[in-house]
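Please read through the structure below; I'll follow up with questions.
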Amino acid sequence: MAGELSVAGADLELIDVRKDFPGFTALDDMDLHIPAGQFFALLGPSGCGKTTTLRIVAGLETPTQGRVLIGGKDITDTKPHERPVNTVFQSYALFPHMTILDNVAFGLRQRKVEDPVAKAQAALDLVELGHVGERRPQQLSGGQQQRVALARALVNRPSLLLLDEPLGALDLKLRRQMQIELKAIQMEVGLTFLHVTHDQEEAMDMADTVAVMNKGRIEQMGAPEALYDRPKTAFVSKFLGQSNLFVGKVVDSNANSVSIEVGGSKITVDKKRAEKHEGTIAIGVRPEKATFHESKPTLGADHVLIGPGEIIDIRFTGVSNQYLIEVPNVGEITVFAQNVGKSPVVELGAKVWISWKVEHSFGLRDLPDGTEDQG
Amino acid sequence: MAFAAFGSSAPTTQGQTKSGRVVLALLLPGLIYLVLFFVIPLVSLVLTSLEAPAASGKIGEYVPGFDIGNYSYVVTKYWPQIARSFGFAFLATIISLLISYPLAYFIGVKARSRPMLQRMLVTLVIAPFFISFLLRTIAWKQLLADHSPIMEWAHQVGLLSPSQSFIGSEAAVVFGLVYNFIPFMTLPLYTSLERLDIRFLEAGSDLYASPAKVFRKITLPLSMPGIISGTLLTFIPIAGDYVNASRDFLGSSNTSMIGTMVDADFLQNRNYPAASAMSVVLMGIILILVTWYVRKSGTEDLL
Amino acid sequence: MKVLRSFWSGLKRGSLPVYSLLAVVFLLTPIFYTIVFSFNKSLRRNTVWNSFTFDNWTHICARQDLCNAVGNSIMISLISTLIATALGTALAIALVRYRFKFRSAVNFALFLPMATPEIVMGAGLAGLFFNAGVGPGFVPTVIAHVMFCLSFVVVTVKARVQTLDPALEEAGRDLYANPSQVFWKITFPLLLPGVLSAALLSFALSFDDFIITYFNSGSVNTFPKFIYVAAKGGVPAQANVIASSVFLLAIIIVLATQISGHFKRKRLQHVK
């Protein structure tokens, strides 16, 4: 079945794409390259330009400037119906006046592909909806409609499949289940998927590569683990998971590392994990990489140590506990501790020191909003 | 240049010019039609209303001019008809509204839980549209004729004095106008009441408002769009109607309206300037009233 | 205030259904009368009940002039409905789907004909044709009918276009349909119910129009004109027959679509 549908995907390139709406720039000099066969996720908050990007790739919107290439071919001026691209719309956009089977066969019939009904039926079988072909879209549940929309796009074997928050309208449980199915289908058919979402968990779960978008630009792109391990901007560090960020002037710099001073504590980062090595920089650490101590520990230069501070909030989330610690002159620091029974039992108001390994620090390219360059 | 006017205000890219062309193709035929057969006739009506009789003095021949006299002529001669037209229109519109509102409320709100009943009632309300309004008016003329059972009864209970006829009276004309225009009033009312969210009413009662207060503070304001379009759809055609008032239908020679005079001047007397002046007066008064009404009710965007 | 209060206390007593029933009976009374008198064995004037007969129904064209008038009415209504629906649908799509500079001006211009009494439009058009040296007749009548139907078509179709999700057309373009295929396979079928009701309304308005027709048709007779003229002397029962059959036909069509729609909706709910 998959053999019927699978076709080698093509790669997509956006070069210097810009989109201006009256009085508003939705996309700002965007460059993007998606290798063939990848599951690529475009992740960003609502309004950052994700849908606009997809619409430009699909040809439903004309870029103000820049080129769009698919499989190396410039398609910027090609009309939507002449592009080897199909879309799964956010609202599914199933044609209400046609049966499910006719919906799925629509693209095949337009292109006069042979035996459209059998192929449409095969696509419906692939999404496990072979039995609903004669029904109307209004008669299906949200999850079923979503899968029909997927089948209707997949059946055309596009070089590139665009998915605009395809799971956004589903409830949490169904969404997680569909994530697994979608990923399995992508592996089966081997097409290039460009998946748009504002759900970071969804993006991290499914994608080979994630691009984090903010205000019409791509802030950072990479494998999910790499993005999480080494965010390069304040926005990425906060949007993908949580981060503790510290801003200060570089006071120490050697061949391997740089350090800043914040409220009397020295915070160090490996040079190869830092984007900037001089002036005022921001250094961050993930909450689960930090630990706290009830008495001041003795640690080597391979650790960062801050404190003492006071625990001002404790949350039990099941797997882990989240501690919020207020350190004078430094600010609030979040620490996650696994709930394995070994972690120190502390109470609200306890005095603690916080530490982490220098290799877990990351240095940012920019400063978080609301902080000033101290240079 | 015309393209730029119809394109969106965004900087003109290729796509925009194209959509500008599509808009133009969609709009132009209809707009040209509107100009040719609506705007130009109105302008020509105004011009004709200023024409003066030709030197030849032949009936039906006039020359272009600027003869305001036509207006003073029609206003002094026909002021009873003008007053009657608008008096009838006011009265019939208000009565229609009072009759239609409870009906529309029942269909749009109370019958909501029974969609089949609701649809049936809507069908019955629009049913009169499917049968000639002239014949329906004639039917009333016969049902309310002097020796009909209804009139016998009216005389017996003393609604009418023994020598009094109903047909031919101003009341009969207003009755006919109300009857003929109730569907035009009920339908828009129904449309806006049908959309009314019952939860508003429930929230209102929940907050200790009496039913009358809920009606006045919630139902009535929310159905305002329906009231506006209903009254406009009723008032305007009634002001221009003259069939109900005609002596062959429900009226008599004492119930003539503006339309009666336009008909007489245009088609019989061939006094085109007078007929035109009369039409312009009718149109002018309506435009002033409608503008005032729409402004006052603050629903300009409704149009 | 007092009126309101009594209205509401009346409501409580459940008299609203009774009131509504009476109102509907009031609306239908002359229709019944018209239908009943189509079976009257009348002499020249069909005003007093004489005796029951099917003759009027079996000899509809006993008055040839009446049948000719009805034929003209049907022709005029069909042609003007076609033209008004086409022009009005295009206008409605443009007004809802596109943003352009004079959009609200166009909206207002299309409202104006509805704010113009028939007599003004009729006299204006007749004056225009007179000045242009075109006598009244069939073509001027069709032109006039298109004009007064146009705005009603625009309003009706606009309401339908507003409910149409633009993503559906985009999905069509995405699935290899060119612009004209998108229109005929997606936009048009989805607009069709709105276009059909606009056409039905347009036909009803046109078929029943008297005043504008009276000013512009000259020697061409139509059904309403026939009745208006006959009202002086007496309307033949055949006129009742024709009005009744048009009425019954229309009601059957409306009821059939409503009932089938009702069951379709029921079925949809059921399957879900």
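In order of appearance the chains are A, B and C, and numbering begins at 1 in each one.
As a convention for this text, contacts are C-beta pairs under 8 Å (C-beta built on N, C-alpha and C of every residue); 3 or more make two chains touch, one makes a residue touch a chain.
The shown structure was predicted, so the numbers you read here are calculated from the model rather than taken from an experiment.
Asker: Count the C-beta contact pairs for A-C and for B-C, then tell me which is higher.
Answerer: B-C
Asker: Taking each chain's centre as the mean of its Cα atoms, which chain lies farthest from chain C?
Answerer: For chain C, the chain whose C-alpha mean is farthest off is A.
Asker: Counting only Cα atoms for the centres, state how far chain A is from chain B in Å.
Answerer: Centre-to-centre distance between chain A and chain B: 60 Å.
Asker: Taking the mean of the C-alpha atoms as each chain's centre, how many Å separate chain A from chain C?
Answerer: Measuring from centre to centre gives 56 Å for this pair.
Asker: Per the centroid of Cα atoms for each chain, what is the distance between chain B and chain C, given in Å?
Answerer: Roughly 16 Å, centre to centre.
Asker: Among all residues of chain A, which ones touch two or more of the remaining chains?
Answerer: none
Asker: Indicate the residues of chain B shared as contacts by at least two other chains.
Answerer: 8-9
Asker: Over in the complex, which chain B residues touch chain C? Could you list them?
Answerer: 5-9, 19-20, 22-23, 25-27, 29-31, 33-34, 37-38, 40-42, 44-45, 48, 99, 102-103, 105-107, 110, 115-116, 119-121, 123-140, 142-143, 145, 179, 182-183, 211-212, 215-216, 232-233, 236-237, 239-243, 246, 248-249, 258-259, 262-263, 266-267, 272, 275-276, 279, 282-283, 286-287, 290, 303
Asker: Considering the complex alone, what residue numbers of chain A touch chain C?
Answerer: The contact residues of chain A facing chain C are 58-60, 79-82, 85-87, 89-91, 93-97, 106-107, 110-111, 135-136, 138-139, 141, 152-153, 156.
Asker: In the complex, go through chain C and note every residue touching chain B.
Answerer: That would be residues 1, 4-5, 7-8, 11-12, 16-17, 19-20, 23-24, 26-31, 33-34, 37, 47, 87-88, 90-91, 93-94, 98-102, 106-121, 123-128, 130-131, 143-144, 146-147, 150, 154, 204, 208, 210-211, 214-215, 223-224, 227-228, 231-232, 235, 239-240, 243-244, 246-247, 250-251, 254-255, 258, 262, 265 of chain C.
Asker: Residues of chain C touching chain A in their complex?
Answerer: 165, 167-168, 170-178, 181, 185-186, 189-190, 268, 271-272
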